[in-house]
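Each chain carries a letter (A, B, C and D) given by its place in the written order, and its residues are counted from 1.
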Amino acid sequence: MNSFGSIFRVTIWGESHGASVGVSIDGVPAGIKLSAEDFAEDLARRASGRRGTTPRHEPDQPQIVSGVYEGRTTGAPLTVLFENTNTRSGDYSNLVRQPRPSHADLVAQRKFAGANDPRGGGHFSGRLTLGLVAAGVVAKRVIENSEFAFTTRIAEIGGCADESRFDEVIEAAMREGDSVGGVVECRVDNMAVGLGEPFFDSAESTIAHLLFSVPAVKGVEFGAGFEVAKRRGSENNDLIINANGATATNNDGGINGGITNGNQLVVRVAVKPTASISSPQMTYDFEQNQITELQIKGRHDACIALRAAVVIESAVAIALADLWLRHRSRH
Amino acid sequence: MNSFGSIFRVTIWGESHGASVGVSIDGVPAGIKLSAEDFAEDLARRASGRRGTTPRHEPDQPQIVSGVYEGRTTGAPLTVLFENTNTRSGDYSNLVRQPRPSHADLVAQRKFAGANDPRGGGHFSGRLTLGLVAAGVVAKRVIENSEFAFTTRIAEIGGCADESRFDEVIEAAMREGDSVGGVVECRVDNMAVGLGEPFFDSAESTIAHLLFSVPAVKGVEFGAGFEVAKRRGSENNDLIINANGATATNNDGGINGGITNGNQLVVRVAVKPTASISSPQMTYDFEQNQITELQIKGRHDACIALRAAVVIESAVAIALADLWLRHRSRH
Amino acid sequence: MNSFGSIFRVTIWGESHGASVGVSIDGVPAGIKLSAEDFAEDLARRASGRRGTTPRHEPDQPQIVSGVYEGRTTGAPLTVLFENTNTRSGDYSNLVRQPRPSHADLVAQRKFAGANDPRGGGHFSGRLTLGLVAAGVVAKRVIENSEFAFTTRIAEIGGCADESRFDEVIEAAMREGDSVGGVVECRVDNMAVGLGEPFFDSAESTIAHLLFSVPAVKGVEFGAGFEVAKRRGSENNDLIINANGATATNNDGGINGGITNGNQLVVRVAVKPTASISSPQMTYDFEQNQITELQIKGRHDACIALRAAVVIESAVAIALADLWLRHRSRH
Amino acid sequence: MNSFGSIFRVTIWGESHGASVGVSIDGVPAGIKLSAEDFAEDLARRASGRRGTTPRHEPDQPQIVSGVYEGRTTGAPLTVLFENTNTRSGDYSNLVRQPRPSHADLVAQRKFAGANDPRGGGHFSGRLTLGLVAAGVVAKRVIENSEFAFTTRIAEIGGCADESRFDEVIEAAMREGDSVGGVVECRVDNMAVGLGEPFFDSAESTIAHLLFSVPAVKGVEFGAGFEVAKRRGSENNDLIINANGATATNNDGGINGGITNGNQLVVRVAVKPTASISSPQMTYDFEQNQITELQIKGRHDACIALRAAVVIESAVAIALADLWLRHRSRH
């Protein structure tokens, strides 16, 4: 479904080379200050020209077409559009003939019986995440007075956890026409206690649902994550040290029983290396009915994790905004 | 929210020491053969007396109270109840005074302003997963004709990946009044192509949402999972080798762009060590307003991952049933 | 779907002659006083032995099986069960052969490919409304502090609007083995301003959705209702007479633009005459493949509107509880 | 909420004088032929210059910005935009000061704490129904192969049921600066059997939910509707006359137990007289804190029922498309 959320409800649409991509957000409280400029910082993080990111530079000007009046949210659905100005009218029939490995080309054809828009990945394009980032900006405003503070960083690239060497790792991949994966870590301070709805809408469920909708995400873990499998309970348990519920360690990543406990929220996300690489690969050729070599043209990110970071932060913010409004409705 | 799913919709309720726990399932196609006996195998896996699991043996007799008539599903909501026969009327006020580390005791109190049922974890008890397992049995029937085949195993316990040594690892923890974490892996063969709804209800999003509602789950990864962060695209890409879309490797775990590609579905889940351990721990005492020692009484699993395995498999089955019915509605 | 609501979410299940019927309610705020006795009054209204209602007297003892602890709601899903103690193991094959006119017998078979439970109407039985009434009781508690006050009455029976003559009208129908329709009117005083969510979840949409799920309801109107079609704007407009938004007339029934305006909420519901009448009727016989005479046995209400009144009030209360919690989440 | 539907899910946004109004539709099966021209007929019915409708003529050019590629639906969300080209930058502060009787002016302010967009009714404007009509066109395509056939007519205007006199009735109202209400009737032939989901999503519930989201609708009835209240069961029951379930009469309007029975679907909708009339009315003046005379300027429909007819038909089509796709998922 192209919508997510119970109260703060986000609906997304568009294709990479269609007229526009956009997002409509329901349940935004009225009276919040908001202007097109407020989107600039996070959109710049997403579009960043930092080494390793795609050189495709679109203005990505957000157009607020509904839900804001005289600089404040109206309470009605808030819709933000982005025109697709930099599309190229190229020939995409080769993607139908030679679907790219580890890409959505083939499943998109199969799911939609060949009627999908194949240009630039169509609805499966990373360009759709513009809407997520826009919704994330609004989400942050919604939860602002709760003082949630987001810190998002690249924790690992290509197995290297030393930030000072990330550029080097990425450049090495680029030189070889290759790409490289990474881990994005998002931490949220000043968390509210009590977010998360039992049974199915645990804080982890809600956040992970949104994170796994971000293209290229293949793993999500909270707190100590997969490390917990190696541990004893006596090492993993987070001892409560004061009446606020602060804990000595934070292996649970700020969530117990699916409910936020007020400690720092910690989530880590595995982002796979960009599937589109410029070095030649083998794939099945549906015209020749045999395995053939594929040469992907065009410009692609060597490390999509870099640009995905703000998208991941936005997804976390959206989930928290919805959980926060739901929690508030009970009190 | 206590419901999940768009068409195959599962609603769950109950508390560990209340009258009963149960599940109601909407959207079950009519005419499927089903009897109380069909639940026996998966319920036994969940209740298993295998070493390392809790000695609390309840009959866990499923009562089908609606939705089945003369041995077949009616198409109306299908409800299964489990009476809580083995509850103990003990004193749980100590959990309010001394909340257990890494447990839901404290957040449950905070979220529900002290009105929560604290007995045996209340609504946060693992006992609620009886309903998930029951729904999983129905889900498997729903998707049966698609021939999906589930294989679920413990992939790791306490850092050890050698199945022959699992008992040893668990026993060592038990001897020290401790518990140990694990990784559960679920694989599904004979997958249908095209399950998953863009943008927000990707196959990964839907499956992970359900998995993170299972108590003690702290990480979910598909295919190569967090390994992808260490890789180049050229090693991680799954080359398509025939017209059915079969791939030479399966780093994507059978999912591209959020849509199943027909290859084996592979998901791994990190299960933390049981938070309730019998060796003493420190926690905050809300009566004495200081950190004190806590001694947890009662019987607890040393490795909850063992019993969680079938719950995890059930969660995957439920997600696939919903995705399958949704997909079918389009064609 | 067997669930309704965004925050105050009601899930219902059961068949007339199955083990039990029940309701599970999600989103109930924690700490509300509630006991089984609180259901007695509205259940009695539903089961009422008043002339014209069915003589089938079941104890209808509500069993709260989850969500209440020590006399207060816990915040976890609240489930209420009713055992079906008075079921008769009769032969219902005749309903399959000779579906009752204006009843669900035939559509139930067609929709569920003959696998439906035909006994006593199965899932289509009025007995399912026990769950609605139970949920209505909880809903009234949820919105209690807003002081909403419900007044529900029979406005019309068989075309007669004079309450003193209702018994006479019903008796006349009973004497002839017939039934008679009616109009139920529900008014709510002390309404909050602002309930209703644009665009699709207007107050009217939400309330009407629930009302049309009540068996036998064929029409719903707010305020002046169908009368508005006969009027000029100058007669129909409700002039605002003070700063609270009170109006001189109330043709809009307390709702403008789908949002409650604080004036009395007024909704009227058309309830058709019970389809099951004891006088003979013609219907199609699927065994003889021809039209034959049908003689319905058993006990049936001569005027189902009488017992439907509290069900209708409950539906309105449930809708208002959900709208109220949603509205509150915004502020 | 600004979305409706389980599978065929419609999301709507916009304000009368904002940049644009629009609709995004999820769950559209892939491969359906669709172009901007296909919207022309129904949009023309909505915009009709027929006597009694507003003279405001906007081009209302639909822009399909996503979900269609090379003339066919892609299966991805289908979004249609309408630019608001004819907006006037007038002064709307008077609506805040002197809210129009029976309009959303006052509730919009109250609900959204004064942050709502008051221009032209903002989100409460009838202009939002452009999106409904666009979605209705897509819905009709979705259910086309089921051969549902819609016939929509004005059944009554100002108490007059004689179509030949409608113009006369409307002109009389116009001459006096007044407006007049009406009844719109929508009939659907070639209905499928089995649409509608018990318990809460009965066919009536789903259709009525959408109809009551249309501005000015105050009543909805199916089949004999409110007439049933006056009747005996023996006159109201629809006798089944053949193996297809055809009935001799159609008092149930093609729906039994909330499920379509294959007979003609009949629904009637009460549309109130336009609240905005040009003759003077009294209202509360929030600046002068007293009741004052209000003179509404601008152009308004004398009988909004005329233009509402196609909107009502669209709402029915959307509901049927969702019910149809849900039903199909079960088989």
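Going forward, a residue touches a chain if its C-beta (ideal position, glycine included) is under 8 Å from a C-beta of that chain, and two chains touch if they have at least 3 such contacts.
Remember, predicted model here, so these are calculated numbers, not experimental data.
Across A-D and A-C, the chain pair carrying more C-beta contacts is A-D.
Centroid analysis (C-alpha atoms only) places D farthest from subunit B. Between subunit A and subunit B the centroid-to-centroid distance comes to 25 Å (mean Cα coordinates, whole Å). Annotation: 44 Å between the Cα-based centres of subunit A and subunit C.
Each chain gets one centre point, the mean of its Cα atoms, and the points for subunit A and subunit D are 37 Å apart.
Of all residues in subunit D, those that touch two or more other chains are 1-3, 6, 12, 27, 30, 75-77, 111, 113, 123, 198-199, 331. Residues 1-3, 9, 11-15, 18-22, 24, 26-27, 30-31, 63-67, 69, 72-79, 81, 111-117, 119, 122-123 of subunit A are the ones touching subunit D in the complex. Subunit A makes touch with subunit B in their complex at residues 1-4, 6, 10, 12, 99, 101-104, 106-108, 110-111, 113, 121, 123-124, 128, 156-159, 173, 176, 178-183, 193-194, 196-202, 204-206, 208-210, 212-213, 215, 217-234, 236-243, 245, 247, 251-253, 256-261, 270-277, 279, 281-284, 286, 289, 291, 305, 327, 331.
Of all residues in subunit A, only 6-7, 27, 29-30, 75-77, 198-199, 325-326, 328-331 touch subunit C in the complex they form.
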